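Below: one structure, written as structure tokens.
As written, the chain order gives the labels A, B, C and D, with residue 1 at the start of each chain.
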Amino acid sequence: MEQPLCGIIPPLVTPLIDNEHVDVKSLERLINHLTEGGVHGLFILGTTGEEQSLSYRVRQQMIRETCRLNAGRLPVLVCITDTSIVESINLARIAVECGATGLVSAPPYYFATGQPELAQFYEELVPQLPLPVFLYNMPSHVKVNFAPATVARLAQMPQVVGLKDSSANAVYFQSVMFAVQESGRQDFAMLCGPEEITGECVLMGGHGGINGGANMFPELYVAMYNAALKQDIAEMRRLQYYIMKISSSIYNIGKHGSSYLKGLKCACSLLGVIDDDFVASPFYKFNQPERDKVRQALEALPIRNGKLDIF
Amino acid sequence: MEQPLCGIIPPLVTPLIDNEHVDVKSLERLINHLTEGGVHGLFILGTTGEEQSLSYRVRQQMIRETCRLNAGRLPVLVCITDTSIVESINLARIAVECGATGLVSAPPYYFATGQPELAQFYEELVPQLPLPVFLYNMPSHVKVNFAPATVARLAQMPQVVGLKDSSANAVYFQSVMFAVQESGRQDFAMLCGPEEITGECVLMGGHGGINGGANMFPELYVAMYNAALKQDIAEMRRLQYYIMKISSSIYNIGKHGSSYLKGLKCACSLLGVIDDDFVASPFYKFNQPERDKVRQALEALPIRNGKLDIF
Amino acid sequence: MEQPLCGIIPPLVTPLIDNEHVDVKSLERLINHLTEGGVHGLFILGTTGEEQSLSYRVRQQMIRETCRLNAGRLPVLVCITDTSIVESINLARIAVECGATGLVSAPPYYFATGQPELAQFYEELVPQLPLPVFLYNMPSHVKVNFAPATVARLAQMPQVVGLKDSSANAVYFQSVMFAVQESGRQDFAMLCGPEEITGECVLMGGHGGINGGANMFPELYVAMYNAALKQDIAEMRRLQYYIMKISSSIYNIGKHGSSYLKGLKCACSLLGVIDDDFVASPFYKFNQPERDKVRQALEALPIRNGKLDIF
Amino acid sequence: MEQPLCGIIPPLVTPLIDNEHVDVKSLERLINHLTEGGVHGLFILGTTGEEQSLSYRVRQQMIRETCRLNAGRLPVLVCITDTSIVESINLARIAVECGATGLVSAPPYYFATGQPELAQFYEELVPQLPLPVFLYNMPSHVKVNFAPATVARLAQMPQVVGLKDSSANAVYFQSVMFAVQESGRQDFAMLCGPEEITGECVLMGGHGGINGGANMFPELYVAMYNAALKQDIAEMRRLQYYIMKISSSIYNIGKHGSSYLKGLKCACSLLGVIDDDFVASPFYKFNQPERDKVRQALEALPIRNGKLDIF
């Protein structure tokens, strides 16, 4: 894998028939949609991909099918976050067998570790993994942050090739990037989770975005990435308007923390990118009233033939 | 299973050789130690049992071996907490096959659900489980509480037979007990996690304790339970002194959230109840300086032949 | 002041005409109601008394009027919690001038201190205070806990005479009590905030309760305290039913954190203990629909002539 | 006041002799230092200014002296955050008397309000204030966020002229900016607290920064602001290096949440901007070992004659 990995690597939603079966037809459509949309990689089994809600059989199926359907077109990153180090390693073995490009790992999320234990854990885990590893910072879901000094310590392992930060804390993003660079590591990918700030992160030295919205409109987020690369601020602000319009409407329906995931899957289904928007337990897909709101949110966007007509 | 389940049901530590193997010899010794100590049941794969840190193979091994070694002497409760409903059901099937008595389930702990989704999740899960179910309230680790009204709603399913509350919040314990009783359900077991307050919880209407300290000194917690049943306050206060002395020393070494687990396993090992005190990743057993402090804490207790000499 | 202070010391609601004026007539009625109800002290300007929402002029008025109206009948504790040490000392001077008996202080609540700074702060503050001091543990509002070791350290100052714990964490209550006793201090009052657990706290060695419900029904909480002193468990459970019925209805209306305060003040007003239930900004008293629910909750209780008819 | 207010408006540290006295000589030097450094306004009594730790007498003194020493050179914003609406209004009256330009208010920080109450509180407070008002988002200290929809609602009052966001959450910053613009309000100042991200916030449509580091090196943050205005990304990245170097060293000494404040005041004192670095209770200034570390952090910067020699 070329380092650092750059660009828009969408966290794929997992198209599901029910709690036990991937909808492979929809997955194929989704992957083609993303590839044609110009994204730079595929990231599966992340938070957006509902990894933790899926059985290991389904996780395995997602890895196999994604790698098969991608057929080498794009780098494939597989999230192996787990509370059990053994199961993380098992998932990594499947990933390498299937031809994945890299692994992504957030800290164990039942027990909350301190920073020394967190570092020790990754120093135990990483050498047992057969592929390059991206750390995944996701404090809202796993309860602990990777402290910047911990990332710098772990970046001394060449196999650790980047960080995906989903904290939304831009000071944290800058602090990690600075700490890693000061430690002498130059080829470390800094990837931004939230699409609302990927543009500015790239402008300030970040390498790309793991943006969920790209499941719907890959061209938008790719265009933002390219505008940031070209330092075209006027274009960035123009695109930012649509990014915020999506974020503040589609992800903002209902009152629970699951509104992002449900809204995104519902919109993908309404756009025809996937068939059903089944959400794995313990979440449940939107009922009709919320689905209608998502439809209205989509209708407020300049969509033509399922794509944003803004280019 | 006789309802409600009463008494001291220790959450067994999981004796480990390494991340992939149960130390079955130690497990046998531990089960005999607990049974001879007079406990009223065995609870495996809880937080004290490090369920989330163990591979599914090891979880399965713990279920099989515990049921085999117990040989029907005591009720066996198996924790099936998982982020995936499918894996929870899989564990439950193994439990029933092996002859377990009941199941225990804390909410999914990666995504945080709201109360309506939490209730819906259990209304989906419980009917698919082959044994009686105890809800397990553990907000520090799973991020959500079972609201009292949610417990009362779920208690309308006769298969839901009790709650284990590890919140340490005694107002919460009272509120749940009251809400369930007001809903008309009378045979609902209210079990207290923290040993420091099990006595008072039983006195005020609770049914027992899931007390980690019983791995070391089962007689102490059984005696507290019996004193509470007899409403012998003087005896309760006498025993409470030892319970607090253990809690404030053995569980209080080192600075991270893992000090309870490491201290408990280390003390069990020093007392000879288990061999090694291997703690599964992402935690690591105490080094020698902390181990020495645990030894000193034990030496400050009136122990004779591995038992508290206070009766 | 006799040490340790024991019994039920209600945290008085502050009867208000508006944000700037105490309703002195209602305050007089409230104090007489409490005194006749058999309480053992008065605690003003606590969380229930909305201290932080009141101007310093109103706080001063509450101190003066309460001491004047009490006329030496009961010990008066004055809460001087503030983010500014200077303002805390100013309030304490007014309290001693007016004849108050003791002071209560929760940690500064804007900046969150670590434990060493918290201890240092009280070692600076306490010697400048003219009266005995109770520490006030209120982590939900002030963001920091007094660690048990910090309480034990501060208890080495004889002027620190007790702790009011409003955490609802009964393990914490036991841990502090144990740490203080182990440190050699015997005359340290352990007072429980939540009325739902005051009985069991007293039974297990605590000294009393700062129970908001006593504003409505002082006899109930005094009876619980007396039953605990007499170790009359059957009576405690009988009384606990009413305590929980109040807690789960009157304090549980509306969805915000303010439902306790609004429900309590509204019920006091409906019972005629105070006139208006004006709540100081940034909270606002219940509107009619919620007020109707409080009325229904009261009607579900066996009240005769404004008192619980259960004795 | 011209709207929206733009540029670097440093949150002044409060130079103190002790808990009760402002060091006026140091304040004069600080104000001159900032003015000569090119800042666009002065912001006093914010979190960096330790408002909540100061007595009202000292707060008043800071307002009077700052306005007197500024002598009309720069806009002066006064923070009136308080838990009591009455005291907030009192501070605002003093501010207008002394000639301040605007007010800043974070939500009451003892009781945590829900969003409807938060909006209602400001709809009660703002009309009673004699100057334009900036909302101040500071969830780590006050426990509640202004939801984007709440800001948009409050922005319907023309007197509410901006928001200072200290959350460090750049998604939040974008969401508020979008919500306010969608509501039709165009002249609303979006000011960024953390200096580590002020550049990117301005680039993406923000109006300036309330940056604490400007107390030490005002030219640096003004240069970043200007580079962002000119969309000179190369210069921004060059300056960002120094901003991060300061942030990751000077603010990062010691382990408590107070390290930013203590490090900043200590550095100001070592640079001669203020005399003593007394920090008001409940915090305490650095001891010699930490002070030596701050000195080393400063020595690692290219400073000549007390200024960064990088232009």
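Couple of notes before you dig in:
Here, a contact is a pair of C-beta atoms (placed from the backbone, for glycine too) under 8 Å apart; a residue touches a chain by one contact, two chains touch by 3 or more.
Everything numeric in this text was worked out from a predicted model, so none of it was measured.
Considering the contact criterion stated above, no chain is in touch with chain C and with chain D alike.
Distance between chain centres (mean CA atoms), chain A to chain B: 36 Å.
Look at where the CA atoms of chain A average out and do the same for chain C: the two points lie 49 Å apart.
Taken as a graph of touching chains, this assembly is arranged as a ring, one closed cycle with exactly two partners per chain. Residue ranges on chain D touching chain A, taken from their complex, read 148, 168-172, 174-175, 178-179, 182, 194, 196-197, 199-201, 203-205, 231, 233, 236-237, 240-241, 244-245, 247-248. Within the complex formed with chain B, the chain A residues making contact are 19-20, 47, 52-58, 83-87, 90, 107-114, 117-118, 120-121, 124-125, 141-143, 255-258, 280-284.
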